[in-house]
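Two complexes come next, and they have one chain in common, chain A, joined by chain B in the first and chain C in the second.
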Partner chain A sequence: MTKTTYSRRRVLKTGAVAGTAGLMMPTYLRAAAHEGFTNAPTGDTVTLGFNVPQTGPYAEEGLDELRAQELAVEHLNGMGDGGMMNTFSSKVLDGTGIMGKKVEFVTGDTQTKSDVARASAQSMIQKDGCIMITGGSSSGVAVAVQGLCQEAGVIFMAGLTHSNDTTGKDRKANGFRHFFNGYMSGAALAPVLVNAYGADRRAYHLTADYNWGWTQQESMAASTGALGWETVENVLTPVGAGDFSSYIAPILNSGADTLVLNHYGGDMVNSLTQAVQFGLKDRQVNGKDFKIIVPLYSELMAKGAGSNIEGVFGSMNWNWQLEDEGTKAFVRSFGEKYGFPPSNAAHTCYTQIMLYADAVTRAGSFNPCAVVEALEDYEFDGMGNGPVLYRGADHQCFKDVLVMEGVASPSGNANMVGYDTLRIVEQTPRAQVEYAPDHPMFAGGALGECNPGA
Partner chain B sequence: MDSFILQILNGLDKGSAYALIALGLTLIFGTLGVVNFAHGALFMIGAFCAVTMQRILGLSRTVVDETQTDFLGNPLQMQVPYVQDWFGPVAGAAIQDWAVPLAIFLTIPVMLLVGWGMERGLIKHFYKRPHADQILVTFGLAIVIGEIIKAFYGANPIQTPMPSAFVGTVDLGRYLGLGEGAVAYPTWRLVYFFFSAAIIAAVFAFLQFTTFGMVVRAGMADRETVGMLGIDIDKRFTFMFGLAASVAGLAGMMYAPILSPHYNIGMDFLVLSFVVVVVGGMGSLPGAVLAGFLLGITQSFFSNPAFKGYFVELLRLEGTFAGTVITGLDQIIIYLVAIIILLTRPRGLLGRKGVMED
Partner chain C sequence: MLGLNSRDFKLLMIVIFMTLAAPILLNPFPVDSALGESFNAGYPALMQRFVIFGLLAVGFNILFGLTGYLSFGHAAFLGVGSYAAVWMFKLLSYNIVPAMLASVIVAALFAVVIGYVCLRRSGIYFSILTLAFAQMSYALAYSVLSPITNGETGLQVYSDDPQVLMRAGDPIVPHLFGLEMNSSVTWNVGGWQFVFQNGYYLSAICMIIGFYISIRIFRSPFGLMLRAIKSNQTRMSYTGMNTKPYMLAAFVISGMYAGVAGGLMSAMDPLTGAERMFWTASGEIVVMAILGGVGTLIGPVLGAGIIKYLENIISKINSDILHNWFAFMPDWMDNLLVNILYPFVGKGWHLTLGVLFMVVVIFLPGGLVQGGQKLGALFSRKSKSSNSDATTAGTANTNTPAE
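Let's look at the complex of A and B:
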């Protein structure tokens, strides 16, 4: 492991850019109180902002993210068993906070609405003096908050956001994503699907009509199309439609033999449940058994969908059933504190906080530009996903992706529905889901220069 | 043809849910003159009555299974429902399986009580206030109820399965002579449609053929005159509020297997139901039912890409901007139809003169 130092030239260059941009910023972002960068910590504490949905359609996931974030703060401050700090390949974190400053945090409720999330993040930066914002559960929200953090000169460590755009056309120098994306889901799933169901399939897509849904559909259509599948129809559905029956009924006579549900959260629970009620899983079309695919799984969605997920393939960023030491340490810490396993949303948020704290410590500074340099092209291990690269070109993490399948609960324990009803089918190697930074699905954006703010 | 029948069925099914909620809204507006924005919350409470019944029947004792371990390596704690202790594993499981239909015994008393409490505790203080005040207070109440539900049940949708006897589809194609498997429709959705039809018929019969109903109808037409005849119309109207709440609650209870209940489910239906009421005509019960089915069927057809493609082809709009707009119409078609109907019939389909026109 090497200690990263950020270059004087780069800080001066980005400082000049930020200075120009700063003239157009609100007063609070240009306040003289900041010493070289926004919200430079001056006392013996440092404040992080946890901006997650605590109400709205993704609230359960937001609350699980919050649990993991609080656990990460405990571990950073030397409480608890240390969790994945013990297995992390970097050893600079010592349980004394971040660079000797005790970690404190404030929380905000994004309500899964971009405008509310931005207002909440702005309040955290302006009133609470947060040096870093983290959180997610919706790509629309993540992209909005990432943009705000770029303008304000603080680091944004994205939580659960799966749209290609977050590190594609909307990528920002101050923003980093540990979670995987739609392209990776498609690249990991397609070979498994073709292997299981054959190359001659006609797929019907129902797609959530927003940023994430579009890129997820595009990724799945491209990756399965490259292996022989035909996309017969892609129907955009409103977010929060509730009753998807009028979108599902036309599938019955469409000639399609596969349904791809590019839905997430409550929408996925409803659309999958209703598709099963319409008998899709029991149908035979084109001489084949009809199949349903949910490209992006989460434990909390699986819990909501109950037995309907049986036999349904999907993908995940991480799962508590992995057997590496990092996963075991995190599951033990989280499980003993809360009584149930962590979700993959919780895992990514915990990891992001640890990575931020580690980057600050290695850089020896809270300056966002120093943190950016410390994270770019950083390789680490021991955080549950095997060896991981934080690519400098787009600030996207590259690691193995999990292909999952819904199964009947092996334990029969009602409290484990959603956790043990997802089985790891394959740990798709990182090389299979990698892509060039200028891949067409990620084109149109630029990181720009990091912004230290003040 | 198969596709056409499926969309009609789907529209009737969707429409029956809209009609049931709109019927309750109209009952309250017609009797008490109150615009009740908390009506969606009543639908939600009904759905959560089904969840509660499922949980009551699932109450369990904990048994430690030393042969298995949990995710932390501790002995596995298994839950054995009391109902299976009392009635045996087979009968107990069957009772649990029928949680949603059995919830009717919980839903009706709870909804009557909630309706009575809402009317006596809050709504009656707003009878003489402007409609804007009524909307604000009932909307606020809906938010409060939603948050209470979230505090008890969490924010995630909760799976509330139908009895296993109703899982799967009915092959209507065979009965209609269209060939086996041509028109397969979910059994529970058919049950829901007939249940809704029965409730709507019962409400109309109650108002049409009972003395109580006759007095209520008279009160809806002229409240003051009925009062001057020595009839305590307020008491009857309070009961009607309870009845409307029960209709909404039953609609929600039976809808729980179709749409997993969550704390915001009422809001999802509320806006659409108000559109249904306005399109049907404020205060008109048959109008609410008619508009419910009309809008349900319209929405169903415009969600079908094949139908929209045919429509675009018919109007020769392929490749044009208008053609593109039509393919995205499913998300706004209900509101578009509402605008067209209100422009041509400002009182709605079956609206009466003088209602909300002062």
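Let's look at the complex of A and C:
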């Protein structure tokens, strides 16, 4: 990290003072250069940094991520029932931490602000000696922290981030994304929508006015357009608008028969609720029933929107209702510890930690470059999504995508709203959502070289 | 010395000492101790924030402290400064000199335009106008101007950017003629670890220079004029003074300070986002100044330090750490204490800040500096009677607490 002399002179001076004061003589090192990479774990523990929003609009998601992350650490350290470690196709993890080092963690609050997230990640790297940072619930933050980790020379395992840019134009060699993206949502949803609603629909888009919203809208318009749908209009709405009625009223006269809400979190809850209040769901346009689509679903949004999501299609990365062994094992151990099912944000964070631990063990080193090599083009199974590929060209995971539909709660349990009010309509196979690394929606980025720091 | 009276000179020396020795002063505990893991603040990223926000608050204080005009949109200058600097990195090279120059110039131009419009009004209307401009800037940066600002994702440097002045072998991190900002020397003494980073020292030097200039402004005829505007602007006008140029000058200087701070933030970490201009960021600057002591020289720096300390250190204390502290106690006591403390740490750090702010505003209207003075008076009561006149005069002169 260092090759300067001016501050060393100061250090020497201060050192001389300290020495005469009877302290032990200083040994100054070149910032851990002797290990060859940033924050090489030297003792019998290794520290991971969980950087999630604990306050702000995505706080609930962040806290759910934190739960899953704590659970993953327990499993890695051999406590609890082992969760998805037992179903994971790779068997190198044995419950003794990572390479025999006990896993410890520090937490930080991103507040869903890039600056704060970076400050928090910096303190994890510089103060707490973290070797890997994970978590987050927004693409802007993910891109910001990913860039920081690239510069500092640690691994970033992205949490919930759905924008194409994270592994598109902002992709970085030290960053990895397990979560799916806007393009995949569009590719998975479009055929289902055409099947259900016909190929001659006229869609009206309301789009959150920032990067994620744009990439989501672009992906939806492209994939539905390819199957015959027409995009009547795309209206950008400010983030956190609260009141969407002025955006919804014009839809009534637009001649559109479908509304696509490219919103997330509280915005989606508000816009969907107001669309329903405007009676859009009961309308008939062009002789067809008016339909609403929410491309990206989450349990917490579904919870917030309550019964308004009935009959609304959307997509998810993973859902606790899947029937495979990995999902069952994860839902069981999460449910036993916390008393409710995990969200898909929780699942992706848990999986990312397991994948990181596994990659380190297979590589036999915590060196970020060794980890990158171990993760690139890595095929695995048993983590709840079926067979998955971590593509080396852009560090994006490729796996089946779930198309979901909102339904009335079958259990009638108020605590389960959001969890059982989403039904899996289809598990879109991985081949259908794959794309080339230099696809126009993802072009313009370069991974660069992996950076071990120090 | 340096054109300062002895009192100011002493203050400047204290500030210089504190900032230069910060890597040692802020790491009072051994690295591996429980206290060190929780309370040590001497890591480069945080120390940079201390001095950068200190500089920002010093600049803000020139406007708010001297003229009494409360700008509620100061973060906008910080933001444009940061954007200007990152653009210089993208277009020219990672050398921070053109970046810093650009951030000061752009922030100054921005301040001239906004100041010219906003200063037509005073009091609450001025505050609202500045707030409106800042929020406009934020909205523009967040979405409308995305081609320039990269929107919500934030502006950063890509490897395929032009960087026309970049030569082969130049560092690919911000540097000052080859001196890399993120290089550091680590010094291990026993269990202690001190990190001395180039970037921090550059920011510290900027802060010291900014602080020195601020003292000179406070003591100058120009500063006196600003104070006169604060105490009675109408009377100034009646005497035939045109106060507008003075106000605008103060506003622009203040905006330039924010521009330097923004440029430094980019130089330390070459990524900038729109939320740096959000109104909460502007509010934070106001809180810094009030917490430390508006109109005092050192107050805003103290306020900035305290807020950044709470935000970065206290916010990371989670319930596990609390349980570790009280592990030696019986379980019920442990749980009780954790339950009492928990709302104030971790994500509850805002609550701690809020309580502190209330206490300061109610009991110490002059900010923490007034608290320090009260404490000082308490301990020097004996000598006070003999030279009370001189001290009071001196105090009023140096600090002019909230009027």
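The rule is simple: the second predicted complex is superposed on the first by the 421 of 454 C-alpha atoms of A that agree within 3 Å, B and C clash if a C-alpha of one lies under 4 Å from a C-alpha of the other, contacts with A are read in each partner's own complex, and residues count from 1 in each chain.
Following the convention adopted for this analysis, a contact is a pair of C-beta atoms (placed from the backbone, for glycine too) under 8 Å apart; a residue touches a chain by one contact, two chains touch by 3 or more.
Here the structure is a predicted model, which means the values were calculated and not measured.
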Which superposed partner A:Ala408 touches (first chain B, second chain C, both, neither): neither
Chain B versus chain C as contact partner of A:Pro250, first or second or both or neither: first
Chain B versus chain C as contact partner of A:Met79, first or second or both or neither: neither
Partner chain in contact with A:Ala443 - chain B first, chain C second, else both or neither: neither
Touching partner for A:Thr55 - first (chain B), second (chain C), both, neither: both
Partner chain in contact with A:Ala196 - chain B first, chain C second, else both or neither: neither
Chain B versus chain C as contact partner of A:Asp115, first or second or both or neither: second
Contacts of A:Ala226 with chain B and chain C, given as first, second, both or neither: neither
Shared chain A contacts, counted only where both chain B and chain C touch the same residue: 55, 59, 209, 236, 238
Residues of chain C touching chain A in the complex: 24, 37, 40, 43-46, 49, 139, 142-143, 146, 150-154, 156, 158-160, 173, 179-180, 182-190, 195-198, 201, 269, 271, 273, 275-276, 278, 311-312, 315-316, 318, 346-347, 350
Contact footprint of chain A on chain B as seen in their complex: 2-3, 6-7, 9-11, 13-14, 17, 58, 68, 70-72, 76-79, 150, 154-159, 161, 167-169, 181, 184-186, 188-189, 257-260, 262, 264-265, 268-269, 299-300, 303-307, 328, 330-331
Residues on chain A engaged by chain B in the complex (per definition of touch): 55-57, 59-60, 63, 209, 233, 235-236, 238, 240, 242-243, 245-247, 249-250, 252-254, 266, 269-270, 273-274, 277-279, 282-283, 300, 303-306, 320, 331-332, 335-336, 340-341, 411-416, 419-420
Chain C-facing residues of chain A, complex: 1-4, 6-8, 10-11, 14-15, 18, 23-24, 26-32, 54-55, 59, 106-109, 113-116, 118-120, 122-123, 126-128, 139-140, 143-144, 147-148, 151, 163, 165, 170, 209-212, 236, 238-239, 445-446, 448
